[in-house]
Amino acid sequence: MTVLSENFLDRLRLEEFFAEYVACLDEVRLEDWPEFFTDDGLYGLWARENSDAGLPAPMFLCRNKRQMKDRVTSYREANIYPDHWNRHLLSATRITQSDSSEIVAHSNYAVLQTRQDGETFIYQTGRCADRFVRNRSGLLLKERKIFYDTLAVRTLFVLPV
Amino acid sequence: MTVLSENFLDRLRLEEFFAEYVACLDEVRLEDWPEFFTDDGLYGLWARENSDAGLPAPMFLCRNKRQMKDRVTSYREANIYPDHWNRHLLSATRITQSDSSEIVAHSNYAVLQTRQDGETFIYQTGRCADRFVRNRSGLLLKERKIFYDTLAVRTLFVLPV
Amino acid sequence: MTVLSENFLDRLRLEEFFAEYVACLDEVRLEDWPEFFTDDGLYGLWARENSDAGLPAPMFLCRNKRQMKDRVTSYREANIYPDHWNRHLLSATRITQSDSSEIVAHSNYAVLQTRQDGETFIYQTGRCADRFVRNRSGLLLKERKIFYDTLAVRTLFVLPV
């Protein structure tokens, strides 16, 4: 009989969480997106170039769930942008901290985007640094920091990563 | 001692299945491809654009294993197409149903293709919706529906996804 | 209570190993890279085209850990190349052999690269064939053979895959 370590269980929990999270985004169910976060959850994007150089200013930041909801409203009602579909690929999730209340994990990601012309291109690659809190029903994001490699972003950061 | 839930076990079973499935395709062992399906298995491709708009006509469909074998024969003997290699990336597998006889799961995929000029490009991204039946030796596909994002397909659907 | 098979445990061990390995490379902590190998570890790259045709000559080969360290030194001190960041995606890991001392596994990979112009492109796709030895603290690579699809390599093989 093999005992499964908590670390391996966390790995499976994260895969399950990311599968739900990514499906929400790629199916453009944006109204559900803030529900993956705690009420005081933080979501932000940083250019890797700036971050590596010690420049802490984010390209985009939501400091709590209410700001995320505003973001979704402006996407639905105000922003102008070309129609597009995103497709997330996540890989190489690395658990860097884990205790009875939190998990910290880093993952590589790529977002491949398709526009109206039907071509698919690399919209963005990078690393996400996620801090999760455990609760009875599973995991919630307390922090999701995106460090993107792709500086030549072809549109505004319209859809969340 | 930690009890591993059936859902986590299914996740590992699916990863094992997909690893074999993808290796079969990317190594162009096409004659083995129909063996991943039940005799009455269905394999089809739909443009996401059409599917989202409620248009149910597939771009390509095999209604059983015999039709898949025909497909492989025509690939080997009749089709004309540029030489190419596919490389599948799968991510974010989401189990949406599971009981003692079946598993339904959705995954994101990308197929990166290399042609004779040696360049690699994004051939196709999308989502696959798979229905598996459990049998003694593992899992078999009863249904594999591919919903592709990339409308500007650069060749006919020569190799299966 | 479900018993987890050794094969599933190996799958989780490999995911953990690859997450550390990939982070080391993508964060350009190259001095740590040889430490993933045994002292007599082999690291090599082969063009898939040549390998499929039975031509065994590698494009690049390190026959032990000392040669890997030399490689890192020449990267840091001698090579001239455009600044770039790599982002690895791994998928479809397939365990082909496993016993009490070793694991052999094949995985699909893509390396997406970003240069100074801020654009991200597909640098290379392929398959890695890895032979691991088990030791007390986990796994070490005894052999990592990379078979790359992308023949039109845009720079020298500056960074390891």
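We just call them A, B and C in the order they show up, numbering each chain from 1.
Definition applied: a residue touches a chain if its C-beta (ideal position, glycine included) is under 8 Å from a C-beta of that chain, and two chains touch if they have at least 3 such contacts.
Source: prediction; values computed, not measured.
**Q** More than half overlap in residue numbers between the two sides of the chain B-chain C interface, or less? Answer same or different.
**A** Mostly different residues form this interface, as fewer than half of the numbers used are common to both chains.
**Q** What rotation angle takes the CA atoms of chain A onto those of chain C? Round to the nearest 5 degrees.
**A** To map chain A onto chain C, rotate by about 120 degrees.
**Q** If you average the CA atoms of chain B and of chain C, how many Å lie between those two points?
**A** The mean C-alpha positions of chain B and chain C differ by 26 Å.
**Q** Chain C: which residues touch two or more other chains?
**A** Answer for chain C, listing residues that touch two or more other chains: 4, 12, 89, 91, 110, 122.
**Q** Within their complex, state which residues of chain C touch chain B.
**A** 1-2, 4, 7-8, 11-12, 48, 89, 91-95, 106, 108, 110, 122, 124-127, 149-152
**Q** Using the touch definition up top, name the residues of chain A that touch chain B in the complex.
**A** Against chain B, chain A makes touches at 1, 3-6, 9, 12, 15-16, 18-20, 22-23, 26, 85, 87-91, 112, 114, 117-122.
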